[in-house]
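Two complexes come next, and they have one chain in common, subunit A, joined by subunit B in the first and subunit C in the second.
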Partner chain A sequence: MSLPIIILCLISAVLALTMLFAKSPITSALCLLGVLLMTAGIYGLIGEHMIATIQLVVYAGAIMVLFIFSIMLLNLSNSENDFKKKPALFIFGITIGFTLFGFFAYSIKNHFQFHLQDKLLGIFTPQLVAQLGGNSKVLSHALYSQFFVSFEVISLALLVAIVGAVVLAKRKVD
Partner chain B sequence: MENSLVFDLTMMMAKILVILVGTLGVVPVMVWFERRGAAWMQRRVGPNRVGPFGLLQPLADAIKFIFKETFIPKEANKFYYLMAPIIALIAPLCALAVIPFGSKVIINGQEVILQVAQMDTGVIFILAFAGLEVYPVILAGWASRNKYSVLGALRGSSQIVSYEISMGIALLSMLVVYGSFNPHDMVAWQQGSLGFLPKWGAFVNPIGALIFWISIFAETNRLPFDLAEGESEIVAGYHLEYGGMKFAAFFMAEYVAMIMASGLLATLFFGGYGLLPGMSELVSMISAHFGFGAVGMQNTKAAFEFISFATKIAFFMFLFVWIRWTLPRFRFDQLMDLGWKILFPISIINLVVVTLGVYYFNS
Partner chain C sequence: MTNEILIQLLAAFLFTVGMLIVLLRRDTIMILMGIELLLNAANLSLVAFSKAGNMIEGQVQVFFIITIAAAESAIGLSILVNLYRNFGSIKTTTATTLKG
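Let's turn to the complex of A and B:
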């Protein structure tokens, strides 16, 4: 790992912790936005420009706008007082969280076969991708030929979600 | 190895400097032109006291901005209040990194591509940073704790989000034509001619070009779509509580966004840095006159490409000013109707037609 990636990782870790512990909703939302931007930066630095751009367009440019827009619209700024810290509960929660994290880390470390990681790579090497005309071309080709059906099914699922949201909202208005 | 690293770094810095100086340096000129142009179109005199033709007026404005009192409203959320103008300026400047302003120059036998970031995803990256332009509007309106500001922010952000859709679909119809995300490929595709017209995207896909052009007016919050700062209704909208240099940052951001949008429009639909008609003869004439070799010819060509690109951007900036003083402001429901009920369906139909056309011509 190069130094810029490590710096981005550290910043995003700090932002993620701020997101968890911040009291005001807009701070949390903006910290999440920061984490997403840093992740996009990491993707960009390892040469995956397509994923980085999609991350920016979809998460930073669309989903987080919706979050912040609704926070601003509902004007949740004064609700911070509802979250009073109860030390006992807080420490209990943190203990459970870290214990679970420890178990996950332990089981992943023991059962994920790291030595096989490099042997089970797919057919695409950086040289091959460059030879085939770049990352986005290879990705789009795979998306629209090999994984065509799953792509269409996922878009159908999104359509169902949109229609469902409209129906729910309409019932409330009526 | 060491030498090439130093060379790459220097070239990168030089390109970033060109972009920064080119855009931020144009802002005062544009401010002057905006005011003089307004006066010219309305048959007034305009600012003419400071310097010849009022040319030093932006300088006087800048001095005034800098020496204004730093005022922060008491109820404002200080951190976000101060952060908003910074993001406003950063997002469009980042997007400019992907717009090429020339093909390449050859220095010391090495090719330097005149584009800051050569990215695989090119144009989509510009769209990503154009999408981030919503945040300063929302943040500024929310952090100021002012009803007018919140109203302006709501209007501005919903407008930007709505017009992003038709803008994206118009862009998509052009991506179908070019078959590439790379702006250099797009410019290369647009060389040549269609009869007496140059083979520009705007002549291949005129409806897409028109929709894209309308959408960038809404994206940059310019008249006739400047509902976010409609003076007669909500005073100054989302940047009402900003004064001095903080206001100037928003002001500069608007012009940088205009330059970015003009550059994108020129690259997608008007041949990008491709030489204007008649310039290629000029390049070969100059090269022949001074006896340049292949290297000198390429560098001369690059210089003229830069001039062509700057000319196109200047023309679109002029259009921005021209439209501003020609059309009155829309009402908000009219704006939303135009975006959702007119531009959105037309852009989808246009996308289908263009896709069928491309399929027909390619097979």
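Let's turn to the complex of A and C:
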């Protein structure tokens, strides 16, 4: 285990918990921004530079700007605490959630090696990726050759989403 | 415990917290942020698994998931603006027209 990854994981976990318990939406939004930045850092540390950049630009840039913009636009103040009203339900939910996390952790610890059998490994070893010109080049080549149709369909989906957002947010003229 | 297992544990933890946010919070904007956290956890898990298995498909999948997440949050936030316009609040407890 390398120390930077441990630090990023710890900060990210603390920020996620703060996001769950925070009262005001703006605190939660800033914590989510922190989690996304830490995730981008982890991507960079394990060598996925292209995904780290996309995470920074799209997630931490565009999506968080949308969220913070709509919080400002709707002028959301501190909501009354959701947890004070029904503490029993809240404690029940937390218990169920962390039991689920226990199951996740158990199965990760015991079955992680399963997909690392030789017959399931891919061909893109770090040496081959370095030889082919780096992570960004390999990923972009795969996007524009093997996954070309999916790429085009995803751009169409983005267009539909833009039109849908404009239609939905338009003020009705009665 | 290796780096890969640590990252998978973090992904599971983020998924759990995101699920709790979606289920327990009453603000619509918090629910949308919880969905973003869930997608982020799934992305982290995909990238780490595909890196550990010497594959490229996981990263391509994450690229598509990030695009879909951007589209989803744009649609979700415009629905939220409409909700605020019609009910005067974005609490899920106020929008109960379908309750009957």
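Operating definition for what follows: the second predicted complex is superposed on the first by the 144 of 174 C-alpha atoms of A that agree within 3 Å, B and C clash if a C-alpha of one lies under 4 Å from a C-alpha of the other, contacts with A are read in each partner's own complex, and residues count from 1 in each chain.
Note that contacts are C-beta pairs under 8 Å (C-beta built on N, C-alpha and C of every residue); 3 or more make two chains touch, one makes a residue touch a chain.
All figures in this text were calculated on a predicted structure; none of them were measured in a lab.
K.L.:
By the touch definition at the top of the document, which applies to A:147: first (subunit B), second (subunit C), both, or neither?
P.N.:
Touch status of A:147: second partner only.
K.L.:
Given the touch rule stated above, what does A:121 touch, subunit B (first), subunit C (second), both, or neither?
P.N.:
A:121: touches subunit C, not subunit B.
K.L.:
Determine, under the contact definition given at the top, whether A:134 touches first (subunit B), second (subunit C), both, or neither.
P.N.:
After superposing on A, A:134 lies in contact with subunit B but is clear of subunit C.
K.L.:
Tell me which partner A:50 touches in the superposition: subunit B (first), subunit C (second), both or neither.
P.N.:
It touches subunit B and subunit C both.
K.L.:
In the superposed arrangement, which partner chain does A:62 touch: subunit B (first), subunit C (second), both, or neither?
P.N.:
Both partners, subunit B and subunit C.
K.L.:
On the A-aligned overlay, A:73 touches which partner chain: subunit B = first, subunit C = second, or both, or neither?
P.N.:
both
K.L.:
Counting residues of subunit A in contact, which comes out ahead: subunit B or subunit C?
P.N.:
C
K.L.:
Following superposition on chain A, which residues of subunit A contact subunit B and also contact subunit C?
P.N.:
Comparing the two interfaces on subunit A, one with subunit B and one with subunit C, the shared residues are 50, 54, 62, 73.
K.L.:
Which of the residues in subunit A end up touching subunit C in this complex?
P.N.:
Where subunit A meets subunit C, its residues are 1-2, 5-6, 9, 12-13, 16-17, 19-20, 25, 28-29, 32, 35-36, 39, 42-43, 46-48, 50-51, 54-55, 58-59, 62-63, 66-67, 70-71, 73-74, 76, 79, 82-83, 89-90, 93-94, 97-98, 100-101, 104-105, 108-109, 112, 115-116, 120-126, 138-139, 142-143, 146-147, 150, 154, 157-158, 160-162, 164-166, 168-169, 171.
K.L.:
Can you list the subunit B residues touching subunit A in their complex?
P.N.:
Those residues of subunit B that touch subunit A are 77, 80, 119-121, 124-125, 127-129, 131-132, 134-135, 138-139, 141-142, 150, 153-154, 157-158, 161, 181.
K.L.:
Can you tell me which positions in subunit C touch subunit A when the two form their complex?
P.N.:
1-10, 12-21, 23-27, 29-30, 32-33, 36-37, 40, 43-44, 47-57, 59-60, 62-64, 66-75, 77-82, 84-85, 90-91
K.L.:
Under the stated contact criterion, what part of subunit A meets subunit B in this complex?
P.N.:
Those residues of subunit A that touch subunit B are 26, 30, 33, 49-50, 52-54, 56-57, 60-62, 65, 68-69, 72-73, 77, 134-136.
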